[in-house]
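These are the structures, in structure tokens.
What follows is chain A paired twice: with chain B in the first complex and chain C in the second.
After this line comes the complex of A and B, so read on.
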């Protein structure tokens, strides 16, 4: 190995260390009874027991997941229908929709969250306890990304197939579900996954629009790091480790299935 | 029933009017009125005459610029070395570098906080340094991915042509590879610079107090001052618009969404 190559791999390794060391250290400490990094204590599973048996923590995790899935389904339906509609609308309307769609994408989440709160809670007096501001906020956050990931698929689609279906007597709604949707499914799926990711990672929109008694993982963890309750704090180390494991497994699984698809594709050729 | 593909867009169009256009109108209204609903420029002049808010603006720009430069100086070599390496399945290897972005940011920052506290003690002693470290840790994947995508799509024959024409490694890099990777760099910069001005929660978690633009909105919100908060939002929005306009010619838009998935 030349010196240059060695330097390059050493740099990459150092970067991986910077990225992963904090997560891994926390993972190791999540299996101990210690309450801070550096202190050496014995092996213990109590953080995991606390994580899965404390109702407050369980509700917070389930609430986050329900919000992510619910708002993502809404965002996917709205964004997909919106992209199809925008593509076949007159250029003026289509461009207007695409421009408005960019606003939440480039805007800071703080501003999006604050402006939604001002509109719904301050000006229109919608109670945060109805969850309407929160769900609307998360849909506003993610529907534009669904729109953006579906749009290229519609552009690639051969629209003469849809017209052929109509000519052969299919009703427009049947043609939509049997011809159009199947061709853009990859875009819809990618958009949905993106929506889930955005909702799970959101802090700002939730802070400004959520009911006071409801917490997402982000808002809960942020408050917990400021608090002095060490049992909760170290239980969150366990949560971090569980999520890390799930993400690693999901990425490995996605890569394996992508590799298998590639192989399958070659066989067909 | 009459049905056309166009009409599918109606619900989303109404949604955009309700949740994108209306909030902006309300924001402008609140920014230029006082508690009695009368028109006022007070909030506007307050922002530019209050040494606190102006200080925050300058400090915030400082943190954003330094964070963006640090992210770029780390991410560009990562992406470049990965593309140029002899590793197989490079797109899988780059996944390893960006994988943490799917872990909730608050948990990642908790991890970073524990390690930094162990190394430094009280994190509030070095707010600027820790802000930059925290934000770099949070945003680095968003800089790596677009740059990696751009460099790996570059046509090898361009670099080979430069070499054949007598350019050495350094010249080839500076005159061919680097200019051609600008779209990726600009996408990365726009995904780091603006969040670094507004994402105050990272700093809030690290040392409990924050002095960047986004945190002003938070403090007005906590004080129920909707008018002042709206003015800060409008000013932030203007900065965002300006920045987006400046970078959008250079930027490859397709890298933005792609960088998240």
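After this line comes the complex of A and C, so read on.
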């Protein structure tokens, strides 16, 4: 019995170690003055100083965040509008829309990025420097996921509340914004968060559509790790650690607030 | 506009869906100001669709809807002075009770203090004072229903539309709400248009009932009219329990049905094919000698205030509701007061008869086993390996509780001299020439009358056998 228990926990520990060890190694090295993984020379914050003081790095990070938030807002608006439109369309059109929405979700990013590049830059002659192809690419990437996260919330909603709002004298726009949207806010928010994550993660679409002078974290990291500039390279360890820390904090915060909400809900009942 | 006194008129309103399915067909209705009108019918009869056309959610493909004499078919729902109480309440879950009720007034930019006063007034009306700050999900079904009514009434609509509003409540709650709704209607003087499939609800509350079936109005009238003078077999069957028989007029104020000749008060020409309706509470059980017809008691069920007694006379079943009990097997007479026999001209002369379920769960009529599989008639039923037929709930079908009624049109049957060929034998007791064919009445050995159309002339009192092709029969399940 105890032996089985031991193996159970050992397996669990091994799995968690496998998941977290790589990032932990990076985190440890980010606080040293080492230039390569292998030998620890001593504690140093210089990677963090480089990260936050090099204008090139700072601009790259802020640019990535701006792109993520901007494209996600657009994707959220389009995805939500699409889901609401599909739900209230006749069954045939609704099913067609939902099926067509699945294709970009499953499709490889490299295909999406490459074909967008062909369409916008080669066929329509839109300059990459306008950022339009890049933003369009990220919106194309995220909007179908927003659609997918909003749709179940609309289906859960009592479909007659929209009609009830019209019946009580609300114009269709008021019924949509005051009654339907508040019902699906959790789905919209989840879709927005998903869009931000997708945009931050993206490499392929950005490489095909970004202006030559602009880099997202992904494209920058890929280029930097190939180069010989060691100060920048080690500063990226610090960047990885910071991103990881933010993610951990966000997850902990979200779980805590969800737990509190659940408790609060119980008290009301 | 006050001249006619009609608040709303539906003129030849039809709604045909794109696939050609007719939801509502030539619907004509006039509703007077302050009336309580109920649209009554089985599910899928078009009653909710009619309500949705009045509310503005569906547009009629033909016809016109007039509100105070003006057409409203092109008016969107938010510009119509009508409000709806939805079947599943449709309260806004993210708003509290106050905000829910105030929603309609806020759309009209009503001043805040007026909203406060009106909300308090309607909450008082539905007996939920002090509920302003409660969340929707903390309310019971009955309370939510009251809020839905309050939310509609606070807008002071000219017409209140109610779409099966009590369907989701339990029986006791439903009865209470029926009375409260009726009280509210009397107090407020607002016109109510109420949709339900519950005939008792309709009879209890309405000033006027519109019975609908398959998109068409069957009958419009007061509850008493509809109950006492149903215009056709559908209405008679749908409103209350009824014994319905096919028959024929045999003389002045005399009708033969159910194997006997009854005096009646409806005057039809001799030889007319009729449908006779007798309410179970009007069937009197007497000494055998005093009855118009005689039969044996088949079953007795205690129903609280009365007994429901089924008597078999030949092949006919007569259901009687009486306060005096009887024993199964008793030989009794049956008497019906002439006033209580309602005679209608037969519409399409469809022959209805009951078939038996035998021990092998096959259908049987007059000793002949029918090919039709019982599982095709009883919804969601299936046959086990030993041949037992189980219903949707997994229980074996009980032939004492489930009856199968067959319907066959006169044109689908044939007469033959070969006595063994048909399902049942009888003698021709009446014939009428109808232009291009003869209509015969065959009185069978089982005391039933069948109507058969045939282009050839047969003689009165000929003994014939009836060929009834099974594929022409329509079976339906009748629960006892």
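Convention: the second predicted complex is superposed on the first by the 268 of 269 C-alpha atoms of A that agree within 3 Å, B and C clash if a C-alpha of one lies under 4 Å from a C-alpha of the other, contacts with A are read in each partner's own complex, and residues count from 1 in each chain.
Operating definition for what follows: contacts are C-beta pairs under 8 Å (C-beta built on N, C-alpha and C of every residue); 3 or more make two chains touch, one makes a residue touch a chain.
Source: prediction; values computed, not measured.
Asks: Would you sort A:85 into first (chain B), second (chain C), both or neither based on which partner it touches?
Replies: first
Asks: Touching A:161 in the superposition: chain B (first), chain C (second), both, neither?
Replies: A:161 contacts chain C only, not chain B.
Asks: State whether chain B or chain C is in contact with more residues of chain A in the superposed arrangement.
Replies: Touched residues of chain A are more numerous for B.
Asks: Touching A:60, do we find chain B (first), chain C (second), both, or neither?
Replies: After superposition on chain A, A:60 lies in contact with neither partner.
Asks: Indicate the residue numbers of chain A shared between its chain B interface and its chain C interface, in ascending order.
Replies: In chain A, positions 171-172 sit in both the chain B and chain C interfaces.
Asks: Any idea which chain C residues touch chain A in the complex?
Replies: Residues 55-57, 76-79, 82-84, 86-88, 90-94, 103-104, 107-108, 135, 138, 151-152, 155.
Asks: Would you mind writing out the residues of chain B in touch with chain A in their complex?
Replies: Spelled out, the residues of chain B in touch with chain A are 3-13, 15-17, 19-24, 26-27, 30, 74, 77-78, 81-82, 84-85, 92, 95-97, 99-100, 102-115, 117-118, 137, 140, 194-195, 197-201, 204-205, 208, 214, 217-218, 221, 226, 229-230, 233, 236-237, 240, 244, 254, 256-257, 260-261.
Asks: Under the touch definition given earlier, write down the residues of chain A that touch chain B in their complex.
Replies: Within the complex, chain A contacts chain B at residues 8-9, 11-12, 15-16, 18-23, 25-26, 29, 36-38, 78-79, 81-89, 93, 97, 100-101, 103-112, 114-119, 122-123, 136, 139-140, 143, 145, 147-149, 152, 162, 171-173, 176, 180, 190, 193-194, 197-198, 200-201, 203-204, 208, 217-218, 221-222, 225-226, 236-237, 239-240, 243-244, 247-248, 250-251, 255.
Asks: List the residues on chain A that touch chain C in their complex, please.
Replies: Touching chain C from chain A are residues 158, 160-161, 163-172, 174, 178-179, 182-183, 268-269.
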